[in-house]
Structures are given as structure tokens and as C-alpha cells.
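Next, two complexes with chain A in common: one pairs it with chain B, the other with chain C.
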Partner chain A sequence: MVTERLEVRSMKLIELLYLLFNNKRFIIGFGIIFFELILAFMGPLLYPVDPFDTNNPPSLPPSEEHPFGTDRFGKDVFALVVYGIRNSLYVGVLTGTFTILIGLTVGLVAGIRGGIVDEVLMSFTNVVMIIPNVLLAILILTYVGVERSGLELVAAVLSITTWTGFARAVRAQILSLREREFIYLSRMAGFSSIKIAFQDLLPHLATFILISFVNYMNVGINGEVGLSILGLTSISIVTLGKLLYFAAITQAFLFGQWWTFLIPGAILILLSASLLLIATAIDEVFNPRLRRM
Partner chain B sequence: MRILLETKSLTKVFETGFFKRIVVKAVDDVSIILSEGEIVSLVGQSGSGKTTLAKMILRLLEPTSGDIFFQGRNVWKDLKTLEDFKWYWKNVHAVFQNPYASFNPFYKIDRVLHQALMLIGIDPDSPEGDRVIREALEVVGLRPDETLGKYPHQLSGGQLQRILISRAWIIKPKLLLADEPVSMLDVSTRGKILELFDILRKNLGTTIVFITHDLGLAYAISDRILVMYKGKIVEEGSPDKVILNPEHEYTKELLKSVPTLYKKWS
Partner chain C sequence: MRPLIKYIIMKVFFLIITYFVALIIMFILPRAVPGNPVQQLIAGLSTGATSPELLSQYEQALVRAFELDKPWHVQFLNFIMRSFSGDLGISASSYGESVRALIARHLPWTLVLLVPANIVSWFIGNYIGAIAGYKRGSAMEKASILVGIIFSQIPYYWLAMTLIYVFAISLRILPPGSAYDPTLKPSLTIEFVASMLRHYILPFLSLLIPAIGGWIISMRVLASMELGSPYIQFSDSIGVRDKVLFKYVLRNSMLPQVTGLGIQLGFVLAGQIITEQLFNYPGMGILLARALGTRDYPLIQGVFMILIATILLANLIVDFIYVLIDPRIRLGYRTA
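Our next item is the complex of A and B:
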């Protein structure tokens, strides 16, 4: 009982931020992502070069005029990267949101309703789990038409198969929570199931949702890269994955044009690593078993 | 004494497993009558179905078969709307075993008292609501200024259990089910908590059902003892009858296993 009392401590927002910013992992992760966000949103203002302008000399190595060089089409790589980060983050946030929304709904309904609803929803989840996700993505994207599909569709296609693990975890948490006495006391006060879900259950899931969101952002960003390299996303939308795709089809590696793939690749790795660091840090701060005092 | 609540062949069967059904009869054909103003103890070992029975009476778990009548209304069939449920829970309420689990750790302890006020139709933010809360906390021996606005982890188990009893005091139910209310507390606080239940009965005429596995406690406080074994009520009667002249084998076994002072274990 003592551990349970320590486990969930109600804390104020400032206290939480203080704890987070005392964590080295969080500072590093947040620093990287902050830098990339600045690049994505302030970049076009600080570096007003059109990423679609093909009038530059092609395949230039990094120079003062073009900090990250130019690609085979004569596009400025720095301008492309600035646009790419923004679109990649957009896909990540969308994937995270979709995944959390689907998973949370299924998990909450299955956990709270129980019985036959639970069994049907969980069987459905298991069926979705065994669908090969890349195959499904290829099918949907080619059916819609690669050039007509926007980033929203890419995020949706990625979310369709990734929510299952999250839904199962939410359901498991609800199952253990709903037999607690405070749920009974709220019910006996005449609270409806929805009110109990929002007031009593969701706060217990909040950190888990936050961590999952960050992790699914990562899944979205990397999933988009995979689909881009397979050539399943629109050529007119620049993302970090698309830059790697362009580098691959122009055989940049053979010609030694390292700046066209190493730079977007490094930024992608940094982005992924920072998201992982942030997720681990949140877990470490909120889960006292991992906290080092 | 008038009948307050009656259960008629109440049965709860749990089934698990999708292909191979495993059936557990938690409560088996239980018919009991609770009268107004009495203290009844429900005694039994772990897994004998005491809590399941209580949950069905509290309208938290649907029975497989059988009926519960409260003041002539069938609890599981006549009550339809949320208003009906609220009426029922206003009259039948509970105090649970684990005071630490009875509070949502994300909220201040005021929340359970505010819930009680909303149930009886008083605005928690009004001066009257504040007055009622303070009065209820004083009844259970807590200082309102030191208690209100605190989080559950800042208070002790005994204090938390007192707050839950003060919630019952605000609601003033006709029937209070206390599911092992003192088993998580140390012995020195037990007596004081038990006195509070006595205060509830004396002042409000509340019928109290004590669910416990402690025969000594049941003997000391109750007017009537029900002994439950494997889902059935196997013995019923006054404490003297049950404790001094047990009829059922299980009750005899139970009495033999009570450790006594002044007797060496051999």
C-alpha cells in the first residue's frame, strides 16, 4: 500500500516541468527537437530560398552560397531540408494523434463496457494486428493514386495498423483500474460511465498516453520515410524521406554527392533519437521505479 | 421492526474461458432479510462470496438470477433511470475495505464529500455545502481545516476511513454496507472507527451490514450474524447463538481457529 501511495503523486504543472528539465535525457531530447522546430518554422524566414527553384547549378557541394549544396535538379538542399523537417513532423504529429485516438477509443470502450463488446473489439484488434502494414499501405496508396494522396492519407495509412498495441495496453490498464474502490464510489455518487472515464480513469492514463504519442510520432516519421523510399508518396511534397528517395533515384551515392543523403539522414536520426529521449525521460520522471532521486 | 431490504434466491455465477467454460458459483441462492436499524455481520472466509453479495446489493454487479427488494422496489428490474439509481444510492451506500484505494489519488479528498453533496442535491460550493462538510468531519473526529484541501497520500489510513464515514454521514443512507472497513487499519484505530458506526446507527437509525472475517468483531458489535460458506448462508442467528452454540460444521471450524490470549499453542 505504501508503494501505491507513492506511485501517483499529484503534482502541479510547474513542479512537473521542473522535474522534466532536471532530467538530462529530456534536456538533450528537447534541445534537439527545439533546434529542429526553430529550423522548420524560422528557416523560410531566415533563408528565403525557394526549395523548388531548379535554376541553381546542379550537384554543387556545400558552399557559402548553398550551405548544404544543391542536388542533381539544381534544388537547394538546405531549403529542401527546412521544408522536409516541417512536413515530416506534420506526418509524425498526425500519425500520433490518429493512433492515440483510435487506440484510446477502442481500449476505453472495451475496458469499460466489458463482456461481449470487449470480446468483439479485442478479436478485431487481433485481426488488425496480423495484417501486414506495409502491404496494406501499398494497396491503399496505389488504389487512391500516389500523386493524389497527401500527407494526411499517409499518416492515416500508417495509423490504421499501429493502434492495436496501444488499444490493448489501454484496455489492460482500465481492467485493473475499474475494480478499484474509488470507481465504485464515483459510480455510487451517480456518475455516468463517460464521466467516470474522463474524471477517474483518464488521469491515470495521461502519462502513458503522452509517452505513446511521442513514440507513435516516431513511428509516423519513420514510416513515412519507408513509404517514400518505396516511391509511394507524392513527389511534389517534400519530406525528409522524399529527400532520401531523390538521392536514391539520382544515384547520389555513386557520384559521391554525400550532402544530398547524409544531411537529411542525420537530421532524421537526430529527430528520432530526440523523440525517443523525450519519451524515456517522461517515463523516468513519472514512473518512480525508474526515477533516480 | 420493518423490513428494509430483502434478497430472494440471489445467485451470481462467474463464467470464464471462451471455449472451455469454467463456472464459479460465487453466490448461491442467498435469501436474507435486513430490518431497519439493526447491525448485521456477514462472516465468512476469503472467497466465500461476501463481497460479491455486497456488490449486488449495492447495484454494482448484476446478479445471474434472483431479486433484491428495497422498500418494495425491485432494485435490478424496477430502477431504470439515473435518477432512480441516485435515489437508490442515496438510501444504500457503502464504506470499502481499502481506504487508500477509495480515493482517486489525482484529486483532493474534498471530492468524495462533494460527490455526496451532489447526490443529496446540495451545491458543494454554497455556504450550506461547506457547513454540512465541516459538520460531518467534526462528527467523525476530524478537524476540517486540517483535512480539507489535502491529497489522499497526505493523510493516514484511519483518517481516510473517517472521511468515508463522514461521507456516509452526509448522505444519511438507510442501509450502509461496510465491507471490512477496519481490516486495513491497525488495532488501536479500529475501536474508534467502530464507534463511529455505532454513532451512525444511534443518531440516524441506519441499518449497517458489516462484512468481516473477524468473528470476535462480529460478536462484539452485531445484533445478528450471518455465516457464509462457499456462496451459501450456512448459519444465521444472534451472536450468542452462533458463537456459543454453532450448528454448522464450518462455524465450529471457524471458532476453533480463532486464536485466544492466555492459551499456549501446543
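Our next item is the complex of A and C:
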């Protein structure tokens, strides 16, 4: 019985992957991400230059020796970008995970419990929604100390304010699912709320969670860039945002050093555009109403 | 209409509670982190030749002036009481200038920049998005999806740097920053307005372009979804003209976009910290950044008191616009 079930599952997974890879947008988005992943993980092997080495001549335009040139401090921009992609993706994945976990917990509890629990949780969500995220980020990061805060804290700070929209969406979906017959049947069978949540409700939200995860990854990557530009992340950790920060504080755009901000920015745009493509593609594949269009 | 009145009262009641809770949070948060405005001021002075006794006397005077020696709930109540009479206090980081004067000086610049950028991008983006959604499968749709995805993912600060580099440094046709020529005094002369407009173009574009992309993407999906609804198919089958059909689709799929615009306009008061810093533009973003950086409690409180109020007000107005333009929701209240 158990093996039979597993077989059905794996069949489905292959089928889903097949559907996804038949989608043009998914292929483009996945291609870009794949390329950037290769760059991030194979880059240090293929291009063994230390991104923190300041012994190169400063502010060199792209050349054969330094494909993306060097910055004002004499660091190699290509090596920085390679490191930056990896760290930016890491922040993105962490932010996506944290946001989904907080939002899902609040949304599920509010939606299933209902009543006073729902009221309190949703009022709380509304209050968090109003607090401007930049303010909270500045206060938390300066409290911990900017130089002492790692990427994990940056991701946590970003998640603290972004989970609200997701929690509300989850709650709304639960509210409509709650009235369906299969939930009544599970209740009549005497299943606990937790069992209903995990066995009946969560599978219905799976695609939505997946799409949101990809989108919040994007929010995380770009949010980190915003915090970096404001000078709120440690300068010893290289991310795509930190590169833009260095370009901003050295005013590279005023000195015509285009390679120090155009290239990291272009890679950042590619990264977020590919994530958006993947999210839309998943939506199209799993939402038949959109597929028809 | 009585349920509607009850609904409004409930709404306003919750609004006021949310406002005060948010105010209290904004009041406590800056006080919860180490450092206060007086320490910042004294740290700035102690490098000079002032004697230590004088310094500590001065510190005590400042602590009393900013009421930092009182418990926070007393401070909070005093702040609320005074703000009702229009007194938001004195900024700690601005040489004794009042918070109200500071906000009055910075707010117009932010409004002039952000309100038009938000509204213009809304019109352009939604128009392109609606046509794209309506002409499904056409080359126009494919092109606008591409434009939408790329535009919407351009970080506005990166665009700002690029625009400065291209137009101010390489081509030298537009100024790289600030809101007007510093040799001129703000006035309504032609010379000043011309200078202001020249300085306005780059920051405006850097905010406009990414915003257009976002609206294109969301509006295209909304319009396509509306196109699938039975009333459009029926109208199409009885031969309603294309132009009229487009109007139906546009009107009926607009609702979430109106809400989105309203909520964005609510946040306008916060300014755009990064854009303003890159362009050295004297708006609310720069003021807020300075307030937070120097722990200027009165300035932080003053800005957030107004900011939170506009955000909540925008949300409330959006709720009513919903009721006004969508008859389906209106009917829902009547039966409720």
C-alpha cells in the first residue's frame, strides 16, 4: 500500500517537471538561474582570484586580465560578482524560508482557529503591516551592530516585515477551503485540527506556497540590496547589494566607472527577472485558468 | 444603508486603535535601542575644548529639555497632548529648529517628486497592460510582457546611478543631483522653475520606469482574466464593438489597481531614502534617514505620527473606493 502511494507520487513529480519544462518562460528563467548558479559555484574554481585582494591597480576598466575591471579599492569586480551572487542567493533563500514559515504559521492558525484568535492575529498582522520596514531594519541592525550582523540576521530582519501579506493570503484561502465538504468529513471522522491542517489544507496550498517562496526570494535579494545601499550590512560580506553600495559611496557613477555598478546591477536584474519568470511559469502550469490564456 | 453606517463606525474605531498601537510601537522602538539624541549631541561636543563640568551640566539640561529623565509613558502622553495643539517639539539634530518647520520644508519636495511619478506610472503601465491583456497572443502582448518583466525588476537606485552616469556624466545634458541650482533661491521665477525641471527629470525617470513595469505585469493578468468571463463572451457573440468591449474589460479589471495606487500614495510621505540620497534631493527620505541616524526622537515621532496617519487614511479611502466603484461589494453590505 505504502509503496504504491510512493509510486504515484514520483510519477506525479516527473509529470510536473515535464509540464514545467514544456513552459517557455520556465525554461528561460531556469536557464538564467542555472547559469548564475554555475557562475557562483564554479566561478571560484575557474577564476581563482581573491575578491578581497586590494593589490590590483584601482579603477581599471574591463580588460583581459580583469574581465569586469577593478573597483576603487583595487578589488577584482569579476571575483566580487561571483561571490556576490552566491551570498545574494543565500539571503534570498533564507528570506523566502523565514517569510513562508512565519506567514504560514500565522495564516494557518488564524484561519483554522477563527474567532478571537483570528481577530487578535489579524490585528497584529495589520499593525506590523503599517510599521515601515526600513525603520525596523535600521533599529534592529544598529542595535545588534552592523558589523556583527551576518546574512542570516539580514534575512530575518527582512522577513519580520514581509510575512504579513502572505499570512493574510493564507488565511483567506483557508477560510474558503474550510467550508468544503472534505473538511467536514475529516472533522466528522474526528481528526484533530493539526491533522486536518497538514493532511487536508496544506496540500491545497502547495503551489501557492511554492510561488510565494520564489517571489519572497526575490524580495529578499532586492531587500538586501536596499539595506546594503543604506549601509546597514557588514562591509566584510560581499553581496550584489554591497557592490552597488561601494559604487554609491565611491560615487563611481560620477567618475564614469560604469563597470562597478552596471555589471552587478545587470546581473541582479537578470536574477530577479528569472525568479519572476519561474514564479509566473509555475502559476501558469498549475493554474489551468491562466494556462488557457 | 444602516449596515453601511455601522460598518463605517466599526472601521473608524479599529482605525483609531491601530493608529495608537502603531504610534506606541514607533515611540518605544527608538528608545529600546542603545543611544539617545542627547548622547549624540554631547559626543559631537566633547571633541571641542569644553570643560567636563560644563559638558555634564549641558547634558543634564538637554536630558531635562527632551524629558528623557521621565518614564516613557509620561513622555508619550506629553507628546500626544502637545501634538494635538500642533506642537511636534524641537528637533535634536537640527540646531533647535522645530519638527514642524523641518517637515514643512522637506515635504513639498517629496510630494512634487513622488506623487506625479506614482500617478503617471500608474496610467502608462495600466494602459499598456490592459491593451496587452486584451490583445492576447499578439506580438504587442509578448513585447509588453518582456518590457514589464525587465522594467519591474530594475532596482530604482541602480537606474538612478545609471541615469546619472549616462545623462549627467557622459552626455553632460542634465545635472547630476540636488533639486535646483544652488546659486538660485526658491521662488516662482521662470529661471528657477526651469532649473527645477531640469533637475527633476532624472530622479523622476528613475522612479517612473520600474513602477511602470510592475503595473504592466499585474494589469495584463487582470485584463486577461476579465476577458474570460461570460459577460464578455456574450457581448462579443452579439457583436459589441471592440472599443466598447475594451472599455468593459478596462473598467472591471481596474479595481485592484485602484487599491494598489491608493496604498502607494499613502506611503509617499516616507519619501524615497535611497533616490533622495543619490540625487542629494532635499525630501522626506533624507530627513527620516537623518532622524534615525542621530536618534532624533522628536523628529522620528513627528514624521511617523503624520506618516502612519496618511497610510491608514489611504487604506480607509481605498476601502470606500472599493464600495463606490464595485456594485457587487455594495450589495454584499446590504445583505450582511
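Here, the second predicted complex is superposed on the first by the 280 of 293 C-alpha atoms of A that agree within 3 Å, B and C clash if a C-alpha of one lies under 4 Å from a C-alpha of the other, contacts with A are read in each partner's own complex, and residues count from 1 in each chain.
Here is the rule we go by: contacts are C-beta pairs under 8 Å (C-beta built on N, C-alpha and C of every residue); 3 or more make two chains touch, one makes a residue touch a chain.
Keep in mind the model is a prediction, meaning the values are calculated, not measured.
Look at A:V81: by the touch rule set out above, it reaches neither chain B nor chain C. In the superposition on chain A, contact of A:L232 is made with neither chain B nor chain C.
Residue contacts after overlaying the shared chain place A:F182 against chain B, while chain C stays out of touching range.
Looking at the shared chain after the overlay, A:N126 reaches chain C, while chain B stays out of its contact range. By the document's definition of touching, of the two partners only chain B reaches A:S192; chain C does not.
Of the two partners chain B and chain C, more chain A residues are in touch with C.
Once chain A of one complex is fitted onto chain A of the other, the partner contacts of A:D200 are limited to chain B, with no touch recorded for chain C.
Within chain A, not a single residue is touched by chain B in the first complex and by chain C in the second. The touching residues of chain C, counted against chain A in their complex, run 14, 18, 21-22, 25-26, 29-30, 32-35, 136, 149-150, 152-155, 157-158, 161-162, 164-165, 168-170, 176, 217, 221, 224-225, 227-228, 267, 270, 273-274, 277-278, 288-289, 292, 304, 307-308, 311-312. The touching residues of chain B, counted against chain A in their complex, run 18, 55, 58, 60, 82, 85-86, 89, 93-94, 96-98, 100-107, 112, 115-116, 118-119, 151-153, 157, 164, 167, 184. For chain A in complex with chain B, the touching residues are 1, 4-10, 119, 180-182, 184-192, 199-200, 203-204. Those residues of chain A that touch chain C in the complex are listed here as 123, 126-127, 130-132, 134-136, 138-139, 142-143, 218, 222, 225-226, 229-230, 244, 247-248, 252-256, 258, 261-262, 265, 268-269, 272-273, 276-277, 289-290, 292-293.
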